[in-house]
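Take a look at these structures.
Both of the next two complexes hold subunit A, though its partner changes from subunit B to subunit C.
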Partner chain A sequence: MNPMNDRILFENVSKFYGEVLGVNRVSLSIAPGVSTIVGPNGSGKTTLMNLMTGLVQPSSGRVSVLGLTPADADRFFRQVGYCTQFDSFPRRLTGMDFLMDALLLHGMSESEAFRLAREAMERVRLSDDAAGRRIEGYSKGMRQKIRLAQAIAHHPHVLVLDEPLNGLDPMARAESLALFQELSRQGMHLIISSHILDEVDRISDRVILITGGYIVAEGDIHQVRREVRDKPLQVLIRCDQPERLASRMFTDNHCVEARLHPDGRGVFLRTGDIDEFYRLLNAIAVEGLVQIEAVAPADDDTRAIYQYLIGSDGSPS
Partner chain B sequence: MMTERATTFTKSVLSQPWGLWALQARRVVRIELRRNLFSWKAAWIYFLAFTPTAIIFIHLLFDRHRAISLTEDTNVLAGIVQFYYVRLGVFFGCLGIFARLIRGEMIERSLHFYLLAPLRREVLLLGKFVAGSISALLLFCSAIGADFALMYAGFGPAGRDYVFDGPGLGQLQAYLVIVALACLGYGAVFLLLSMIFRNPTPAAMLVLGWEAINPVLPSLLQKISVASYLRHLMPITVPGEGIFALLTVETEPVAGWVAVLGLVTLIVVVLAYSCFRIRRLEIRYTTE
Partner chain C sequence: MSVYKHEYRAYTGPLTPLWARVGVIVRYAFAEAWSTRITATLFTLSVAPVIVYLVGIYLANNQLARTLIMRGSPMLTIDAGYFLKVLETQSWLALVLAAWIAPRLVSFDLADNALPILLSHPISRFGYVLGKLLALFACLSLVTWIPCLLLFAFQGYSSAQPWVMANLRIAGGVLASSLLWIAFLSILGLALSSWVKWRVVATGIIFAVVFVPAGIGGIITGILRTKWGFLLNAPVMMTQLWQRILGAPPTMQGDLYLPSTAIVTVLLLVCAACVLMLNARIRAREVVRG
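On to the complex of A and B.
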């Protein structure tokens, strides 16, 4: 088996809608796990997902998922589930009808389709009562859930989720995130686009940052953060004498900013040279100048990287 | 070398999952019939199909049916099929049924569910075409059957003789074939137009104009028309008078089987091009 066949590949892919740029010269090789696509509105996140699933076709380049292309629909869509952002459904269908129609198109028997539909309903925690009601009467959160159920019902290996937490209340979000984690543990590829960075960040293995149709960073979140060399890293150090530690760090010129933790039991230190910073911190710990309890990066999460690379206005900084 | 290629091609064709595709197509047909045939949105198509039936029914109730007017009523029925059903009723009915199969789902933003299923797009398109055809055939063939029955019901024994011992059943058979071919022909054309244009109605109006002027065009261009083939299958040619004269231009006679074969070829070509188009179809609801 080709080792690249477990990956989602974008090979120099561009997509133009007439003269409007969708994405430009995107090359990605996405390994199994949870990958988050992050970017401002109109940055090309949905275009990337639509390209992945064949809803739009590249103007140039090639996209493949597990070695398959959407043109080979028979095999491709048995492996891929896509929960889109489109909040619309065929008219007059109940939740169960909707799932059954989708599953029967796979060619499976009615009993098998019914079993999978029930299972999917349970996984997204939609009740039997909801299953028998028309989707027109669903709340936004329920519509989001039924879309998710439809995407996972056939047990795909790749799940593409466009803003899957939109419209969900905090409890439903937590349940969805737990479900994504469980699916990921089962070895599934999850590609998630979301604006709720803090929550998605907890389950992501890697991040793809996109703005203006260009990929600005991609990879493991911590690795991406380290590669942003021109932006100082912030580290939280829990210790007994934070002021003394900050003073020593400034003396040795490895810090550009220090801020006491509100509880007075730690200090946020910002440094431009993380390797030298940790070397010095080790030396201080050995000297016994302060009692260090914990050291943790304070800004190598997706939100921080997003702020650094894209900025709050969505333009690359 | 050629034989080897032909063998490879044959093997490749035979190895395709035809059984699965047939099953999927049947399920698309079932879904589409459930969604489209029994919906309030289709009410105006029922109206188009059964308006002549209602008029003939009123004629049956209130007019006297003497044996001498049987020929006149036969001509009226032929005129209804020739001028109303083929040119207007089936034309606009099929526009309503087939144009919404793809474009309607684009407008309702639900087509992507089909495109994300493990279903070849060609199978989807042909399944939708079959569903649209079944809807159109059910409506218009029932309407023609009802028109025919009501038209001759008032004539008593003379009507029965005309239908069962005379040319009546042959004419009914011809009308059903004509309406069925009209449904399939216009259906294929409108399905294609709905994939090419966001609003297929102006394009359909051009087709209507094209069908009207087609008989005066060179013979090669006449072949790109649905009505031109159907004209040759009419069991009774009704001479056009007044405004109807615009719709009836005499053309060279063509054998019935040639007309059917010609129209079937046209339908196959249009569907083949539609299959090519749907492979490139993109979901861009924001531009709808």
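On to the complex of A and C.
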């Protein structure tokens, strides 16, 4: 089997809507696991998702999902489940009808569709009572869940989720994240776009940052952060004498900023050369100048990367 | 204690053929069309003239009833002209039904932004439109060629002479004319509905597209004294075409008749425009970025 057949591949893909740029010259190779697409509004996240779900065709370049292209619709759509960002449904359908129709469109028989619909309802924790009610009467969280159920009901290999956490209460968000993690552990591709960076951060294996239709960074979040060399890294060091540690770091010229932790038992240090910084920290620990309890990077999460690379106004920095 | 590793397993069961999936769209569209009482009311009203024509056939074939009810009125003849009247009545009622149903099939999906969900399944845009078209076609069939052919069968049954074999052209003509008209209405209705998110407005536009050009065509014909203005007049154009297909006697002066090729060309051009409209609008996305 071709090793690239377990990947979602974008080969120099551009998409223009008339004169409007969707995405430009995107090349990606997405491995199984949870990948998060992050970017400001209008950055091209949904276009990227529509391209990988075959809903729009690229203006140039090629997209393939597990070695399949949308031209092979039958096999392609069997592998892909899509949960759109739109809070919209065909009218007058109950939750069960919605799932049944979706599964029948996938080519399942009535009995098989019923079984899979019930299974999907259970997975997203929607009750039998909800299954028989019209979707118009659902709360926003329930609508989000039924969309998710529709996306996973036919057992796809690739799950594309556009803003799947919007409208969910904290409990439902935690349940959804747990479900995403479980699906990812089972070997599924999960492509998630979300603005709730802190929560997505916890389950993401890699991040794709996009702005203005261009990919600005892609890969493991810690690796991406290390590559952003022009922004000094921030490290939290828990120790018994944080002021003394900060003073020593400044003396050796390995620190550009220091901030005491609010509880007084740690210090946030910012450095432009992380390798040299850690070498010096080791030396200090060996000297016994301070008792170091813990060392952890403080700004290599998605939020920090987003701010560094995209900026709060969404323009590239 | 055992540790079980749950591996992801894709669905490997049997799949239905592609046409069955188009059937899902048809069924869903059919349910949408008949989910309102107004559809049922319009359908009932559309069937009422058929009963009147049925009584006409009965009277034409039953001398005793004719004597009792019509009291010496001129003999009612069941021929191509009679079936042309049936066809005309039913066809214009079909327009009313199409103007009501077509927007329900497409405008709702567009207004609800339901297309991305539907089209992220193994069903193409063509399959989606075909499903809706078939549902509308089936609804319109119920008030056009099906009752017309039932009347034809009743006339064949009631007639003392071997009427059916001698008038097979009428049956074929009624079928062909109805199919032509409802196919045209279906594609026109869906195309116009796909451009308007408000159902009521879409209904109005369907009527307007048929009757406003007819008025303009009438003005052109009147002022310029040319028959070509009728090419914008769907009622006149279709009546002329149906007369020829059924072999019914002409009802207008000979120099006002349009060539059949001109009529068919206009119908094909309108259909081509409708296909372009559908192609532009039936998409999984609008220009929504972010």
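Keep this in mind: the second predicted complex is superposed on the first by the 317 of 317 C-alpha atoms of A that agree within 3 Å, B and C clash if a C-alpha of one lies under 4 Å from a C-alpha of the other, contacts with A are read in each partner's own complex, and residues count from 1 in each chain.
Just so it is clear, a contact is a pair of C-beta atoms (placed from the backbone, for glycine too) under 8 Å apart; a residue touches a chain by one contact, two chains touch by 3 or more.
This structure is a prediction, so every number in the text was calculated from the model and none was measured.
Model built by superposing both complexes on subunit A: subunit B and subunit C clash. Contacts of A:P232 after superposition on the shared chain: neither subunit B nor subunit C is touched. In the overlay built on the shared chain, the residue A:G95 is in contact with neither subunit B nor subunit C.
If you count the residues of subunit A touched by subunit B and by subunit C, you find the higher number for C. When the shared chain is aligned, subunit B and subunit C each come close enough to touch A:L104.
After overlaying the two complexes on the shared chain, residue contacts for A:Q57 are found with subunit B alone; subunit C is out of touch. In the superposed pair of complexes, A:P40 makes contact with subunit C only, with no contact to subunit B. In the superposed pair of complexes, A:P164 makes contact with neither subunit B nor subunit C.
By the touch criterion stated above, A:A71 is placed in contact with subunit B alone, subunit C being left untouched.
Comparing which residues of subunit A touch subunit B with which touch subunit C, the overlap comprises 17, 50, 53-56, 73-74, 76-78, 80, 82, 84, 86, 88-92, 101-102, 104-107, 150. The residues of subunit C lying in touch with subunit A in their complex are 6-11, 13-18, 20-21, 24-25, 28, 31-32, 35, 108-109, 112-114, 116-124, 283-285, 287-290. Within the complex, the subunit A residues that touch subunit B are 17, 50, 53-57, 71, 73-78, 80-82, 84, 86, 88-92, 101-102, 104-107, 150. Only residues 17, 20, 23-24, 27-28, 31, 35, 39, 105, 108-110, 112-121, 279-280, 282-285, 287 of subunit B touch subunit A when the two sit together in their complex. For subunit A in complex with subunit C, the touching residues are 17-18, 20, 22, 39-47, 50, 53-56, 73-74, 76-80, 82, 84, 86, 88-92, 101-102, 104-109, 112, 116, 147, 150, 154-157, 183, 186-188.
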